[in-house]
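Chain naming follows the written order as A, B and C, and within any one chain the residues start at number 1.
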Amino acid sequence: MSTLREAGHAGPESRGGSIAALTSEIRRNPLLWLLVFVPVVLVAQRVRPDAHTLLFVLSVAAIVPLAALLSRATESVAARTGDTIGGLLNATLGNLTELLIALAALRAGQYVLVKASIAGAIVTNALFMLGASFLLGGLKHHRQAFNAEGARMLAALLFLATIAMLIPSVLADADLPAGAVKLTHALSVALSVLLILTYALWLLFSLWTHGELFANDAHGGADEAEWPLRLALITLAAVTVLVALVSEVFVESVQQAAKTLGLSPAFVGFIVVALVGGAAEMTAAFSAARKNRLDLSVGIALGSAVQIALFVAPVLVLLSYVLGPAPMDLEFWRGAVGMMIIAALTASLLTNTGRSDWFIGALVVAVYVIFAMTLYLLPPRVV
Amino acid sequence: MSTLREAGHAGPESRGGSIAALTSEIRRNPLLWLLVFVPVVLVAQRVRPDAHTLLFVLSVAAIVPLAALLSRATESVAARTGDTIGGLLNATLGNLTELLIALAALRAGQYVLVKASIAGAIVTNALFMLGASFLLGGLKHHRQAFNAEGARMLAALLFLATIAMLIPSVLADADLPAGAVKLTHALSVALSVLLILTYALWLLFSLWTHGELFANDAHGGADEAEWPLRLALITLAAVTVLVALVSEVFVESVQQAAKTLGLSPAFVGFIVVALVGGAAEMTAAFSAARKNRLDLSVGIALGSAVQIALFVAPVLVLLSYVLGPAPMDLEFWRGAVGMMIIAALTASLLTNTGRSDWFIGALVVAVYVIFAMTLYLLPPRVV
Amino acid sequence: MSTLREAGHAGPESRGGSIAALTSEIRRNPLLWLLVFVPVVLVAQRVRPDAHTLLFVLSVAAIVPLAALLSRATESVAARTGDTIGGLLNATLGNLTELLIALAALRAGQYVLVKASIAGAIVTNALFMLGASFLLGGLKHHRQAFNAEGARMLAALLFLATIAMLIPSVLADADLPAGAVKLTHALSVALSVLLILTYALWLLFSLWTHGELFANDAHGGADEAEWPLRLALITLAAVTVLVALVSEVFVESVQQAAKTLGLSPAFVGFIVVALVGGAAEMTAAFSAARKNRLDLSVGIALGSAVQIALFVAPVLVLLSYVLGPAPMDLEFWRGAVGMMIIAALTASLLTNTGRSDWFIGALVVAVYVIFAMTLYLLPPRVV
């Protein structure tokens, strides 16, 4: 959610011209120097369309700063439009990068990659981002506290979403009669609508009827001047287009590049895509943990996982009927479902006391390493 | 457990004649007007034994008020026989309706329906009754508190029962050698005895050695005058016979009616039977939640689920050796086991803070809707 | 961990001569009178190498007192070498008996027995030892409290280990292409290294950086005079050799004896071996619970389960490359994985309030009885 505001240094900011504000931001934040790779990758795709490994590396280097810029622009629009509309914006556009990458894969008909990137983003956010925040925060502060109430709700939402995603996968294993494909699709659409409705109720609850329970999270990042609305809106629009363009290069090159680099497709889909898409949020979450503002870290990590599970994933299922070559369902690889359930359970069990230290963080990261290691060793044909 | 006392209005009551008390009760409580369907369904069965859909609808309309009357009579006997014997009575006869319906199905040899109605009652009570209580209570009261200690114990009991029911289903999937049927039956009997023993220990614990932990639940509903013992006992006996008669009509007609109405047998067994059998308890639980007495709602919902899992189900297994055409085992359809485990885990995770609001309720109901939706879409041959 | 100090009577102790101290210990502690079976079993093996049932019974009778002596010696060395080194010693040698039995089975190539004894020890410690401590303590004391923080951490560690052990078993079920055996072995080695690393981090955390959180456990048993270092070291060395020798007799005789006694191999591996190997710790844990020092009981029960899962099991995998006839992997029978996951979840759910009573204990023991009963009834070929 909040990213650059954390990554950059707080300080006086010129509000005179939009361009001046933007360039000052870029000068202050080394991550944004990677923006130079955006034109490079777009040119490289024209000149060397078959250099998959090169295009893969360049597109990764370009997506990371664009995602950071996108987050910063979303935050600024949100800050300038009041608490409720701002909260809604953050809640819908907070994972715009993940959505744009998945959309590129959806339009290319690469449904295995779409699903792997959804499951991978959920697991990476709920385990790696949360665990590394605990670990990095705990190495600096002996023992940290956070709002267990908010974490508990987010973990419960994640648990609900994993149950929804478990069902089609379990049914696929039962010996269904002919016509089962239609059943899976009907069920996936119904589950998607239910997930989006639940997400809408969650926004109603956390932004409106019971907002006071989550007050800490909402105002957590307010220590930096926001951009003017005009600049934020223009940046939002322009960077969205750029991320969409680079995502297409990324999706086209990632499979070939994985083969060249000796990585299994499962590892690429789950781990690499998730780390690339979430790099901006991670910078923010880790920085907040070091500053002993763990509420913010937990909110970013679990909030992001919830957003992908209850909003991005079902929206992709529904959009597949319009944009994709064929309808996409919610039937995940069983291993992916298993990992999501374990991630939701781990988040639930480990956040219920509202206290953390470096060892709890190390444990959560260890669970993630177990998954990453398994995916790395997995032969190509399993997923 | 307590039902009519909640559904009806509290007020002065004539204790002169038993009949007067009963008719005054009926006059005050609109639900009991449905009692008119009791003679109607019994006559209709003689006259039109093949009108399955009509008989199904009539028997549902007759069972609901009978179940309410049965609960009220059990409560009154319990109230007049002291805390411990009363507690025992409530604990054994609290789900008499469910038991009578299941017995009718057992005697007809419809073991799939018996098992579906057991699993469905557990899931419906632990998810729908609990969740809707949170939801309805939370819509009226901003934030509600309940005795987390009691909820935690009941959820733990439910968890134990689901583990016991998981085992035969898992073993059925292993490639067992010949003679495995005998093994499943031996195991089912042993597990049933263990479950009943554990339930007896639970009664010993909650009514005797540690009764003070659960004091709130026991005296929760004491705001209405009880019936005289004589009336209560006669009503109990007479209504039991009537429920048994109507249950037979219900069990005979439900499958054909489901086919006509386009419902899958799984949906009927899990959802329809569970909602019909539990309607009386639900009225009581929801009414208590609206009155901000959530301890009572949680006690009714989880207590009812525990009673079915640890008492009704194993008693049916043991009775099948006497009453059924063949021994029944504890091997459930895997989907049913999965739903019961998720229900127990959800109840456990969501009740451990002892606080609730409308959103937690909506989440639990959403899990139930996911299950109901899946069962509705399921093709006939899967369960 | 602490055993004889609990089992024996506290009192003045002659520190003059090592032999005097040892014989006084033996005289005071009836359990140690069983030491007479040590020479008996070693002689019997020479004289009657085919009397499997006799050898099995004698070796069990000999291992129990040896394990008690081993624990006492480890404790004494630990007490004399300071908190940190002592903690490390206890953490590595605390389950030396289980390790030696498993090593004997490993060298004999009986990998099914090794794995069953690992899984059985985890389940027995986390369910039976913990539950029976709650039960026995609760029957004497109305309601007991313990350090929930420590229990939570140990349960989390156990949860991590069961996830690690779940993965190879799940992969084995997927239709892997040829070369999958190599994959399972590579994965098992990687997981073993990760588990040992996590265990090392846990020691760093609990003994060094956050030792104050677990202070109660460490000094729990300090009510008895320790042996002199010299005596403790000599006893440790001598008894280790004796346990190793008797373990070989035990491993050779156990399968044949089981057949004669009509026990399934699964029951022997999971239940009998685990109870024999853990008898010394159980004496200590139960005695502490009766003395209302439940922190100590929980620490022994869960600490022992964690030690086996994160230290003994991975060390055996790595040692199999040196000592075994072939490499051993971490792929467990699915039923064993299921029992370990349920044990970890149960421990996690039931210890998070830090309070217990006899009923919670009875519930945990009931889960264990369900498993034992199933294993007892299981036909031979399933595991």
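Everything that follows uses one rule, which is that a contact is a pair of C-beta atoms (placed from the backbone, for glycine too) under 8 Å apart; a residue touches a chain by one contact, two chains touch by 3 or more.
Source: prediction; values computed, not measured.
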Same-site or different-site touching of chain A by its copy chain C, using the half cut: different
Size of the rotation, in steps of 5 degrees, that lays the CA trace of chain A over chain B: 120
Mean-CA-position distance for chain C and chain A (Å): 42
Sites on chain C at which at least two other chains make contact: 352
Residues of chain A that touch chain C when the two form their complex: 142-143, 335, 338, 342, 346, 349-350, 352-353, 357-360, 362-363, 366-367, 369-370, 373-374, 377-379, 381-382
Touching residues (chain side chain C, partner chain A) in the complex: 152-153, 156-157, 159-160, 163-164, 167, 170-171, 174, 176-177, 179-180, 183, 186-187, 190-191, 194, 198, 201-202, 205, 209-210, 348, 352
